[in-house]
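Take a look at the structures listed below.
Okay, so chain A shows up in both of these, paired with chain B first and chain C after.
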Partner chain A sequence: MHHYLIKRFAFLLLTILAASALAYLMLHAVPGETAENVARHTIVGIEDAVSEETKAEISAKYNLNDPIWVQYSNWLSGLIFHGNLGSSYVYKNTSVFTLVSLALGPTIILAIASMLIVIIAGIPLGMYCAVHENRPSDLIIRGATILSISFPSFWLALMLILVFSLTLDWFPVSGYGTPANIVLPAIALSLHPTAVVIRIVRTSMLETLGQQYITFAIAKGLSWGHILWNHAIKNALIPVLTLLGVYFGHLLAGTVIIENIFAWPGIGNLLITSVDARDIPVVTSCIVVIVAMFLIVNFLVDVSYHFIDPRIRYE
Partner chain B sequence: MSEEIIINPDARRVLPARSTDCSKNRLYHEVGKRPGFQICLVLVGLLIVVAIFAPVISPYDPEAISVKDKNLGISSAHLFGTDFLGRDLFSLTIWGARTSLFIASVSVVIALAFGTIIGCLAGYYGGIIDEILSRCVDLLLAFPGIIFALALLAFMGAGILNMIIAITISQWAIYARLMRGQVISIKNLEYVQSARTAGLPDRRIIIRHLFPNAIMPVVILATLDIGHVILSVAGLSFLGLGIPPGIPEWGSMIGAGKEFLRTAPLNIIVPGLAITFVVLIFNFLGEGLRDILDVHKDQVNIG
Partner chain C sequence: MKKKLLTVCLFVFLLVAGTFIAGCTNTNTQPSAGSSAPAVTQASSSQGSVASGTQVSTSPKILRMADLSAITSIDPASSGVFVTEKAMITEPLVGATQDFILTPKLAISWNQTSPTTWEFKLRDDVKFHNGKPMTASEVKFSLDRTSKENSNSRQMADYKDSRVIDDHTIEVTTNTNNPILPAVLHYSNFGIIHPDSLDAQGNFTIPIGTGPMMYDSFDQQTRVFSVKKNPDYWAGTVKLDGVVFTSVPDHSARTLAIEKGDIDFTVDLPYNEAERIDALPDINVEKYLTPRVYILYVNFDRAPLQDVRMRKALSLAINRTDIVNHVLYGVGQSAKGFFLPSMSFGNKNLDELQYDPVKAKALLAEMGYKDTNGDGIVEKDGQPLTINLITATNRPALSPMLETIGSDLKAIGIQPKVEVMASAAQTDRVKARTYDLQLVASNIAMVPDPGYIIPNWFKSDGISNSGKWKNATMDAEIDDAFHTVDDKERLTKWNKIEAEAYDLLPVIPVADYGVLIVKKDAVQGYKFDPTAHDYALGYEITITE
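What follows is the complex of A and B.
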């Protein structure tokens, strides 16, 4: 078990490292372009042409003429030894590290709120569907799930704003700070994964309910509620757990669009405004942070299997 | 445990390799039993026709700006009303179908082909080749959802070709992983081993024996994936990263119209419904296909 954990953890670190290298190389692959970007943001202005001399000057100043892997290893050692992710082109007095860490909190809050909706709505509805298999209520809920998987989440977000903010005036259109602000973005973000979780819980529950130990429990005369909550649910939820990890990643990716719509000051919003401004150091850091969060959550899910299902052994 | 990854909610049911009986008669029989699936097929056909003949079908030039007609409601002249620049929303929606379907189908087909080849090679040869290819797949799948495509587009800039490249690069890994699993699960079956014993070259074994027997789940996944790709393309264009202005696209229509959410919601409602409708059709199609080709279910019912 410990051996497995260490191996798995080392693999996690390696993957994060490789992903950060990939993101860095991708975004810094064209040295001339990087120099031009810096010049546009620091010296001449966004629209103007950049002279070759300026570019050469900047390339020399920021070591852009070094081979790309040297630049990457400098960036990485800065991150590891000094907690320094470089400086932003746009927010000149703020380090990327500050920008990213300020944005991290709101994103995590939004992700947790959405995950709560997914769990609280998804699991009971899925179980309800399984117990009422092929009855009208099951068919209606399943129809609704297929429909919600087909909505673009950003469109749903705009429709929610149209109905609940602009028409009914129940929630603010956008912003951050009060509890009312989180309701619409969390709903928009969680609808898709909730639908998926309902379907998986239903399938998994039906499979479990068909097993012999359940039949035995029924024959023994246990009450239906007892069987459902004490016998069936534990086995039925194991596949759901894997899925929650994967869908946490989708949630993180989804926040990129949803935060943008609701002006939520998180990583996704920072990423998009930085892409628009070609603020490459911030873009790189945001992507690395999102990938790292995704991988860490999946690592935790993998590890927690053992505690939820002791039958699962690791090699 | 780490070998198994669930890409799609229901892909779990697709993953295990089963001998899939795809004889024509059974296929016709299964399709005949499912009127819903037939309707889906017809609708997909209709969509393709609309996309191809968009220039003929659309009543107006989608780029014809006419400021005096802006934000008109639904009327017989403008079926879906007009947008904030007075362009006919019905025509824009039809041309948008062209863009979305083109990008989605091209990138899914390329990703499918590339992923299948890589998955076949990794699964069949194993060893160091498998190790290298699988680590590449792991690395790509470490980027959740649209993040990798987004990073690529941030690097390359907007454009239809760039969008296809970005989507293809971020999607092929899923097919490679599924195909690899499929090939590994059948490569030691008797008929493959006999082919090897008979001295058939690897190339022939892969093409004649492994590929046809492993491909079905991958094709089903691709069908389910088309809807997903349409959503991703729309999302990236909504953010202003995907399709440059001037090309009608549903996501960018919503992105441009969101300023007019209060005054002219049709700008957003129409393209959003178009996306939902198309994605819904492809989701139904994929699920229908999975049910039809999934022998497992019959076995469960019989047994």
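What follows is the complex of A and C.
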């Protein structure tokens, strides 16, 4: 287990290193000059022309004339030796660490809230559908999942606002800070994964319920509830757990559209604004944090397999 | 057992670390009373809420305002458009009327004492928000700082230095003769601040200005910014107790927020929603023109576009009325000259650009373009006439407007190639010179003087002359007009150049830009300021219960 942990940790560091280097390279490869973009987001308007003098000043201020590898190694050495993610080109007088950490909290809160909805609604409904295979209730739930998967999340978000905010006046339209603010974005984000989880749990449960050991358990006279919760669910959950891990990772990476609609100050919003303004230290730092969170969540999912199925071991 | 413990520890660590990082940073800066240095306090959990807004709605006369983009800076040297025009914290030396005529603001008068020096007399009854009087020293500090921090502002002003003559007189020196200096000092980035706005290390902390509103708080997490009433405002009684600025980038969500009553004032809802929202009982929608025009930049590397007849044919092909009615939904108007009708310095003798596809076809035929193979596209020397039109996605009307222009060109036999891209990609295309026409929404009065945009557009080395228009006569005329000191004579020269450009069409105007001001009926006393970048709030605005 210790070897496994060390190996995974080394892999995490390598992936972060590769992701940050790739972010630097890609930001320099996309169209547009960094100094010009920064000027348009800080000094002149988006459409306004930027003089050579202004571009030269910005380039000199942020060392943008240095070769990419020099810029990258400066950023990396700041991170490794001083724990410093650098300064934003756009957000004045704010360190990148402050910006990223402020955006991380809302993202984690929203991701956890959405995952709770997915788990609480998705797993029981999936089991219910499996147990009531092809009955009207199963068909209705499966139909609803198809609809939920088919509609784009931004449309669902606007519909939720229209119904629960504008018509019923239960929740605010957008914003951050009170418990009421989280309800609609969490629901909007969870609808699609909940539908997928329902379908996966249903399929997985049906497969498990067809196994000989379940038939044996029934023959032994065990109660249906006991069979479901103690024998079937554990075996059916492995593929679901993998899926939940991937979804949770995605949610932690920020969800630009939902954050935009609900004015949620998460990492997706910060990332897209920074990409637009070519705020390289912020973009790279956001990517490093997102990659790290994704890998940690997947690692935790991998470890959890062992507790659901003790036959799975890590050496 | 050890493995279980390890896993649980890891999971708890992830949650705690995230929550800790999120919570450990103070997000809200508030100045302590009577002190210039900001006191950092823990963020109020509810302050970031745009919509819950129950705290602000119970306070008397607090305007809840939602804008499109988040506030990235509260330093007027770089974000004057927000700090000066919207937040009303700082003010420039020079004001402007609705007709774009310069008026006194923090300066009561000014005159050019030599080709490179200007003397500004300052008001003697103005106090900063920290209670200290405004003198020439603070004005010098602000001008020096903006010129140092913002190279664009420095270049527009051609600022060299300034000298305090007495408490209420300052002399500004420019590098060359710059007759538009007072107009440049109207620009919001030249808002005057007190030196206490900076900390001991010289870092900007909070804006301490002279305007009707004072800094209250800024939540760095939610980017919610609050200002409160300046009880000692020099120009009159401020009617609002405060304003809370939030950002809701999504247009539809912003529409729903004002419908629900979560906000009181916003701008630029989807144009096609204007009529429906205006019909709601407690909301009104007002349409205004802003100093911005939708305009086509012409690439003069392309041989067909070097012929003025081609540029005229393109202009004649554009159905501007249709564009205003069906793309802009009436938020804007057909271009008549390069400036807005309200701008006192625009040439008032110019007619609206015509829509005449028959005449456009005749001009193409005169140039030798004819449809020889009957496919509806004109050719010359066997080559079909193709025009590559590009634009960016940064303003909602640009893409549909370009599509409409493309179909207008097709109607006169030109094959359009329409491309919509990110603004950075558009900049690259312009640099690579791989386009024919570029549609932009260009600001025409960042400085309320024709000496700002005419040289930028029409001089061969003009900063906005991306199409590389070259006309030696016009260059000489622009130089002459720019350096003419007499205001009346200078204006006559600018009007002449504007008329010449209108005839030669180095750029093709399409429509004047409009803005939608959407506010609850409870918001009273709002006066639109057409000289503002997009819109500005004023000290007479108020809100009833």
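Here, the second predicted complex is superposed on the first by the 272 of 315 C-alpha atoms of A that agree within 3 Å, B and C clash if a C-alpha of one lies under 4 Å from a C-alpha of the other, contacts with A are read in each partner's own complex, and residues count from 1 in each chain.
Note that in this section contacts are C-beta pairs under 8 Å (C-beta built on N, C-alpha and C of every residue); 3 or more make two chains touch, one makes a residue touch a chain.
The shown structure was predicted, so the numbers you read here are calculated from the model rather than taken from an experiment.
Colleague: A:149 in the overlay: touching chain B, chain C, both, or neither? Say first, second, both or neither.
Modeller: In the superposition, A:149 contacts chain B only.
Colleague: Which partner chains sit in contact with A:162 here, chain B, chain C, both or neither? Use first/second/both/neither.
Modeller: both
Colleague: Which partner, once the models are overlaid, touches more of chain A's residues, chain C or chain B?
Modeller: C
Colleague: Quick one: classify A:83 as touching chain B (first), chain C (second), both or neither.
Modeller: In the superposed model, A:83 contacts neither chain B nor chain C.
Colleague: So, does A:265 touch the first partner chain B, the second partner chain C, both, or neither?
Modeller: In the superposed model, A:265 contacts chain C only, not chain B.
Colleague: Mind working out whether A:124 is in touch with chain B, chain C, both or neither, as first, second, both or neither?
Modeller: neither
Colleague: Have a look at where A:27 lands relative to chain B and chain C in the superposition and call it first, second, both or neither.
Modeller: In the superposition, A:27 touches chain B alone.
Colleague: Kindly list the residues of chain A that each of chain B and chain C touches, one partner per complex.
Modeller: 158, 161-162, 166, 260-261
Colleague: Which stretch or stretches of chain A touch chain C in the complex?
Modeller: By the definition above, chain A touches chain C via 1, 5, 30-33, 36-37, 39-51, 53-54, 57, 90-94, 98-99, 101-106, 108-109, 112, 158, 161-162, 165-166, 169, 172-178, 180-181, 260-263, 265, 269, 273, 278, 296-297, 299-300, 303-304, 306-307.
Colleague: What does chain A use to touch chain B in their complex?
Modeller: Residue list for chain A touching chain B: 15-16, 18-19, 22-23, 26-27, 29, 146-147, 149-155, 158-159, 161-162, 166, 196, 199-200, 203, 239, 242-243, 246, 249-250, 252-254, 256-257, 260-261, 271-272, 275-276, 283, 287, 290-291, 294-295, 302, 305, 312, 314.
Colleague: Can you list the chain B residues touching chain A in their complex?
Modeller: Checking each residue of chain B against chain A gives 1-2, 5-6, 9-10, 12-13, 138-139, 142-147, 150-152, 154-155, 227, 231, 234-235, 238-241, 251, 254, 258, 261-262, 265, 268-269, 271-272, 275-277, 279-280, 283-284, 287.
Colleague: In the complex formed with chain A, which residues of chain C make contact?
Modeller: Residue positions touching the partner: 3-4, 6-7, 10-11, 14-15, 18-19, 21-25, 27, 44-53, 70, 72-75, 78-79, 150-153, 155, 203-205, 220-223, 246-250, 252-253, 256-257, 259-260, 262, 394, 422-425, 427-428, 440-443, 446, 456, 463-464, 466, 533.
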